[in-house]
């Protein structure tokens, strides 16, 4: 256990003693994989045959002209197998798990997206799989649970704490401290103890590498700004990493503004100043916590951004000013989603719609000679329950009520 | 109006007089587009930037070794934008609609997949859009209806006839005979009056062209057999077209065997001998009809294959023996789907799962030196209501009942 | 010059006595075959000049909601092609006006096209309207109809160019059926100057008598058409009257048209 | 040689009189601060030798379900760090055994590490267990603890290699806490030969007294440990007894252990 994995003052590995050798092993395996060129080649091959990398870049023709200003381009991570950028990370960690000779994976999941991705990877690699998910989220995201179970994963509903993402992470660690010998914990975002933030960012860097080349090829210039939503920070780290050395490219991270400023109303750790530096879930970063250091409730229309912490690498980029952080409110996000669906036929996940909302706000003030790039981290069609509620569709309610009546009748008849 | 569009004795254009000029116009536009190389270039460009073509080919590592015999490969049409091969057809017809200067599109839909694809295309191209859908299907496929409406499409529930796909087609024609001047009817499969079977097959041929090149590059040989499910026949025509001149490649079309032989139990027009030649919905082919020529009810676990007719081009290939037709039963199909999910992490649509079921039946009898290719025409994650019912998941029912109770309570409180 | 069929001759003779003829339409077997018979009897007694008998089909693509539902209900009640022929045979025997079949091509195709035409001939049906069978697809049918001296009737529409009108006319006998507007059966039509121009165009492109249908439903509509066409066709409207006020009401409705 | 802290001295003195010491654990503020006080009083009266006071934290990653829930309930009831300090101060004043704090690093970090250590010192806390703070991350904490002559206590686990045991021992004072198995607090441990071997290994890699925890819950467990370690730690089990039979039952439970 080395004192490594710091990004200015953020990061580290604040882990129970029993996991120290496991983290040492993971870090070695990760570093060895980075050294070994064949590993990345195998990763690229997997991603281009099992998922559809390189994912394309789509120009928003209608909205670019409706909004005026910058030309809007979208990196289509929604087209990945399982519908989000999460696939990039889990497939990479799957290869690493096999390299370490482990036979079982565990993961936390909030929205369910990372759980589905991990269960998919486990089915593909033949690993046993247990997914921890807050009981609240299990109730909200049954479709994802259904698919995880179909994939053969065991989904454990976590009834502790706020019954959401952070509690699922705690539970996953509790499993790991008992089963580290045969089990790898597939953390879903660029958070947690070292080497997770760096490793997850590495796997997600495939987004940025592709994007930079694609934008150059298409427009003969780099985008003026790149937008990504920020939950834990993995899709943002992924796309930003392609442009980090291009100082003219402004990087914009968009957090969950929820219902606005104030404790419990949002999940904006860096854009607002409700968060303070702390240490939890194994790493040091900005957390939404009270003065004692107890984590606070957060709120967002999108489960995937509804998290108390944020990637330590992004905290350091916030500090250095390399990345600008903004927050988009629930209402703006639902509007941006509907607008994108209506005028471009794309269905961005509510998470991704945060990036769209901010881009739509800024594009009109920019010049037609400038391009902007939005990372569409995922698609929303699987989150129909959430989206239908967010747009408050009465026909959907009716459908569910009728469906329930039909089930009750069948069960009565049986 | 020329007497064209026949494939041996099948095909033709049996259309109301009022549509004759419209079909003449469509045929000319289609033929001109085929002549014009820039059209196909534009099409390829659209499909590679708006969807993720070329879609990859995935090897089923686990099932190939579990089953023994042939190496199983899958063409991943599920990774298309909107989740199925339907995108290929609608985007092509979208370009054609723009070329003809029309401003409105209409379409029929059964499962909802083609409706979502068309609504998406309309949003992207800025067309008005009306989707006809049997009232039964509207009730069963609310998620798809929800997305069509979000895209700005008007969804009309057709309450005539059996309230399913064929009735939606009739209704779409009824709309068209009133609004042909500004409206294009985006037919969803390789059926209907000439030039639809040929035109839809042309757009779908992108699947076969890619597949042949990909299989050769990957394995240095062609697959021994190619499997596709057959509803109207568009995904089958798409993939088969790449191998039609390769006489050593056996082409296998898999129809909906439903609950087995006998009227009303299935939708197998060519694999069983319950169908006879007839003329309906504007074209001549095998139909599941009674002796008078009245169309019969059909049944399939998958709405997208639940159709009385079949592509006239496939009927002629059935006659010539170029394509072998088989039927897979509902039970086999659900098993094949679950097996694919469980062991490969792929979620084939119930439609596509017909092709998987037949391939799994045949692979063990083949040699390890042979490859087979399955067309995965779409993904099932949007059809969760159907799939959850097909696998009879009690937790899903509970979830729906709880959700309905919550809605009722909210509505009571409001 | 083409040879006049019996149907054309009867129409021309009737026109010598009346300045416009009335053709009505029913769906055989809807709501029952007995009711079909009763309605035809009432219509003939009320002064109808020609009858169009629709053999129900499960996919009536060119029909609007009213006739569509009538087709579906007749089939649901068990109507078969054989019963339709039997009932038509009885009608042609009992009533001394020309009867036509209207149906979709699959009914002919499955019955066997030449057998279908022979059966029409045998039972005294004088012509057929098959809305989904353009001449290009219907050579066998046209040949059989001409051989049997029956009238294959085709349709002119507001979208049909003049040269195609002549082509359709060349392939027709008996009369030409023109639809007064785009769309399906049973919707409203505007009886306007534009319509007059269109009908003049139709007349100038055929030497056959002209019938006009789609949306004719009142005495005023018929008055408008007088002098412009030979036959006014009332289709959906009599079914609508029957559905609303019962089979017995049809007679009265027809009488208001011909009074 | 390292200087002995007060804590180590007290342990060694107590061991002169007893062949195994008993340390128990409570979560401050659970179910209430009054109950915490009552339990400590009963435990001390029943013969407990050391007390581990857990300051509740919202994310107790290394704790199992029982202590996890106790943390959550204490916070829900409004427990703050300030109240925990106040209560601990009262306890150290009233009861003449060594008291330790157990909590997670964020509590120290947000309080300010050196202020936290100063406050411990001021109120008579003799050592701290911070399970998510490995020495590599805790230099500031270690320096402050050593300066204040308080005992930073680290944990040996069945996964810890010998060289790391020595590293942990070098950074600890007071005693070494060894966990008897993998996993979180509150699950069953097998008291076996394997455990004896492991404890011998632990002893050979530190010159500090050894406490063993995770799963100790009966007189037999303690008998097994006698002669192998200096301190037996009863954690979740006393909370479990309290939850099942009430605060008053804890005293009886402890008495069965030390009898």
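Going by the order they are written in, the chains are A, B, C and D; count residues from 1 in each one.
In the analysis below, contacts are C-beta pairs under 8 Å (C-beta built on N, C-alpha and C of every residue); 3 or more make two chains touch, one makes a residue touch a chain.
Just so we're clear, the structure is a prediction, and the values are computed from it rather than from any experiment.
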* Target chain D, source chain B, minimum contact steps -> 2
* Chain located farthest away, centre of chain B as origin (C-alpha) -> D
* Asked: Counting in whole Å, what is the centre-to-centre distance of chain B and chain C, each centre being its mean C-alpha position?
  -> 38
* In whole angstrom, how far does the Cα centroid of chain A sit from the Cα centroid of chain C? -> 66
* chain C to chain D: how many Å between their CA centres? -> 98
* Got the chain A residues that touch at least 2 other chains? -> none
* Structure fact -> Multi-partner residues in chain C (2 or more other chains touched) are none
* Asked: Considering every pair of chains, which are in touch?
  -> A-B, A-D, B-C
* chain C-facing residues of chain B, complex -> 1-3, 12-18, 20-22, 160-161, 166, 170, 173-174, 177-180, 276-282, 284, 287, 289, 291-295
* Structure fact -> Touching chain A in the complex, chain D uses residues 57-62, 64-65, 68-69, 72, 75, 80-81, 104-107, 109-111, 131-134, 136-137, 154-161, 164, 168, 179, 182-184, 187
* Within the complex, which stretch of chain B touches chain A? -> 48-52, 55-59, 61-62, 76, 79, 81, 83, 119-124, 126, 139, 142-143, 145-147, 149-152, 338, 341-347, 381-382, 384-385, 388, 391, 393, 395-397, 399-405, 407-408, 411
